[in-house]
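The following pair of complexes shares a single chain, subunit A, combined with subunit B in the former and subunit C in the latter.
And then the complex of A and B:
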């Protein structure tokens, strides 16, 4: 049983955490693609930026969360989301909109977004330094140990993990309802289907573009902050997130929000399963194995330091085997 | 009387090619005005400038006396200036009914604030829009495909849906871009009937670009002939058909 609990802690929990983060990032990438038709490389840096804003606010008011019994960073999260959304809209107006006005090819937009990536990374490092910082300023992370009767090892969940699961469910359900029920959400789907017709139907496409950045920026801030709460804030966070997020969006079918969520969890679980030490699960049956099999201490498929290989592998495999993604993408 | 559309001295070039050269046209309220001309005459360009899909280099577009030259297409829509597309556009992943329901101008739900704070109002309006959409589908004879994805409709049905879209709001002027193209004769009859009914019963003004001369002859008065980015002649269809200049522009000079 101990081994199963170990599996639960290191695969089910860890995989869900990674999955939630990738899913929220991938939804942003997919929405931007379906409305503006380009791959937004600066997306992971919007995550870093949002997290950095939350970190700053948390440092300024370290005890703001005490009254509510929540980590201060969670209380500051909405402010960070608003700020990041505004910056995202600002970046769009300053860098992407002039290019759109010239009707440039999508590749030009992609390169522009690479430029924005480098710029944001530089700016964040300038102010945040290069080291890792905890989002628990002057407070301790709560860790819940759930004991299962008859087992020595407890299930371990941390406070940020629980918050992450709750927030992800709320965000995903909210987004789905918005896209399928709200008029503005339907207008968004209409624009992703046919922008010319949307304009000729009186849909304010400028408003939709702004809204897309607001949603993407907000989700990016949530994902970045909750990940950093669980681990730590690093200015190069985006570097490790960008590829898995794009892999998730492509695996799920670009332009398909539910697909992006599925893709996020797929990539997240694939990563954790690949670095999991399978030897732990085999240990109880070691004695019944034939004698010529010697169980090594570590039986992970790839070492933790090569984790980034997994999304690459999935990406290439999906592109070969099913280029449109698991779900057929293109329009919301 | 102020013309409902007044295009004044429009110029538009693409690179070194001048497509519209100091062109002025007027569309009178309540008319079905036709616009014809040989290929390359600048019909589509002028049409797109009136619809707001293109901006002119210079000149003015007035809607019922009000300048709209620099307004974007969606703002023109809310002023009652609507267009259809030459190649039928539809939201292919939405049903016919949903396609029409995308349109209405009240847009109460399209304001972030009211979505969250006035759900009752939004719901009431949705119901009203739905009723209207069903009426329109009935009017254009597409009731039987209301729950079909618009992407699965036939070319002619998509054109009817385009016309239906213009009926979802209080249109003042509807710009029809080659609505007859690719429509079979039976459906074309329906289209023409619908256009005439909208003009007579609901007071729509139409500006029609068309290659189908039969349709122009049945529907339009007056007809404007464009050639080389300028108005060549304007008049009734009979005048146009007998005008030697027009015949030359269309068929080339008579051999001597």
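And then the complex of A and C:
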């Protein structure tokens, strides 16, 4: 039983946390892709930017959350979302829109987004430095231990993890309702299906583009903040987040928000399972194994330092066998 | 770049808005009088003045070092210009290929570690390598079981299970051997062979990785290639950084031998000048070959595919084969350039390979100089590198000024100014990429697109 609890703590919980983060990142990437038709590489840095804004606000008002009984960062999250959305729209107006107006190839947009990545990275690290910082300023992370009768090891959940699960569910359900019920959401889907037809039928495409950036910026801020709340704010995380997020978006089928969520959890769990040391689970049956099998101490599929191989492997496998993704995205 | 992409397709049939039209007008006289390349002369003259300025201000030894590094970067930039400029494939993982080339140069040239070769470790390592080959062979054989009528699902399951078990066995075996290597002899050392052999093999290694990546991605959307190259670069770096038994990891390897007399024998200036001679000869050879290839039927075919894939396919050109070729060629150049750069630096430090220095700087060189134009790429490489090197002290001075003001006005007191000054340069590089894409998409010395009316 102890081993199962260990498995729960280190795989189920950790995998869900990573999955939630990747899912929200991948939804943003996939939405931008389906509306604007290019892979937005600056997404991970938009996450960092949003988190950084939240961190600054938290440092300014460290006790704002006490009244509500929530971490201050959560209270500051909406402000950070608004700010990041505005920045995202501003970046679009300043850099992407002129290129779109020139009708450049998508790959040029990709290079432009790499330029935006560097700008954001440089700007954030210029002010934040490169060290890790905790989002709990003047506060303590609450840790819940749930004891199960008959087992020595408790189930461990932290406050940010619970908040993360709740917020993810709310965000995903909200986004789904928005895309399927609201007028603007339907217009968004129409534009992702066929931009020319959408424009011809009187949809304000400019408004849709703006809306896409607002949603993507908001989701990026949520994902980045909750990730940093759980671990710490690391300004140089972006290239390591980028690959899993894109792998998730492609696995789910590019341009397919629900697929991106599934892909996010798939990649998140795959990563966690790959670095998990399986010999822990085999320990109870070690004595009953035949003597010629010698269990090594470390049965992890890849070491933690090679974690980034996992999303890459998934990406390659999907590109080889099913380039449209599991949910049949629109475009290869 | 984007303009040159659209040159061949819509321009003649549909009159596009003013921008394309003006571009057309600008092209026409340039082709009518090809005798006086005024733009090139002025730009290269200006570059020569800048370089001479560096020579007089910083001393010849420093300036020669800068030129050697710039010439190594020029090889990288030529690699990217054939991928991006000739064929429209964008490679965001130059860093990985550079690191691979650097590793190969290091591994071939540093002295042999006799302690390793006299122990039983080489034999054990050899057995592990054999086991890896055996596992691959078994998995491959299982995928071929359809010849005796095994159904597809069963085949897949068997292959996955066999692969997983084989992988776990081999990896735990490898871990024990590499652990012993690290504890007994530190690392496996080098081969003690001439440096240039390492450079060639570095190019070949990079080309091999490029072949695999290209094979997977080139038939798909161009964005996927960017993601995959970005990923492979990080993986190569992680591998080199964490394989202490192979590369000493973060402990770094130095000094690295040079293909020419080292500073210890003939002094800094002459040694660097010899090295510069080697790299310049390499560039000249590469430049000549690229020039011939560009104007050959093969080059025309490559550009036809870039500019209008559908019609090139309709003409019976094998698009994916050509893309594959060009991607591998570019990667080979990056491997060779990276090997030359690492040898010159004299230290192999896997953590020293940064996306900024080894990917995005090269990107700026190419798009600023003129993608698809070899001369423009060379110009861009030297210019951007000189600016990059010179901007270091400038950014630091600027940071001191800003923090002094910031401290006075807002009480902002950041530490570690060096790294922050570097970040300011990151910002400028990003802004530069966006500005070039927006205002000079064809670079300072644009590709000359021949028009036959």
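A few notes on this one:
Basically, the second predicted complex is superposed on the first by the 330 of 332 C-alpha atoms of A that agree within 3 Å, B and C clash if a C-alpha of one lies under 4 Å from a C-alpha of the other, contacts with A are read in each partner's own complex, and residues count from 1 in each chain.
One rule holds in what follows: contacts are C-beta pairs under 8 Å (C-beta built on N, C-alpha and C of every residue); 3 or more make two chains touch, one makes a residue touch a chain.
Everything numeric here is computed off the predicted structure, so don't read it as measured data.
Look at A:298: by the touch rule set out above, it reaches subunit C but stays clear of subunit B.
Taking subunit A as the reference, the larger set of touched residues comes from C, when subunit B and subunit C are compared. Once chain A of one complex is fitted onto chain A of the other, the partner contacts of A:287 are absent, as it touches neither subunit B nor subunit C.
Of the two partner chains placed by the overlay, only subunit C lies in contact with A:306; subunit B stays clear of it. Common to the subunit B-facing and subunit C-facing surfaces of subunit A are residues 331. Those residues of subunit A whose C-beta lies close enough to touch subunit C in the complex are 38-39, 41, 95, 98-99, 102-108, 110-112, 114-123, 125-127, 129-130, 239-240, 242-243, 246-247, 250, 296, 298-299, 301, 303, 305-306, 308-309, 311-312, 315-316, 319-320, 323, 331-332. Remark: subunit B residues 51-53, 72-74, 77-78, 82-85, 89-94, 98, 102-103, 105, 107-112, 115, 122, 126, 165, 169 touch subunit A in the complex. Of all residues in subunit C, only 1-2, 5-6, 19, 88, 90, 92, 164, 167-168, 171-172, 175, 216-217, 220-224, 226-228, 230-232, 234-235, 238-239, 241-242, 355-356, 360, 363, 367, 414-416, 419-420, 423-434, 437-438, 441 touch subunit A in the complex they form. Within the complex formed with subunit B, the residues of subunit A that make contact are 182-184, 186-187, 189-190, 193-194, 196-207, 211, 331.
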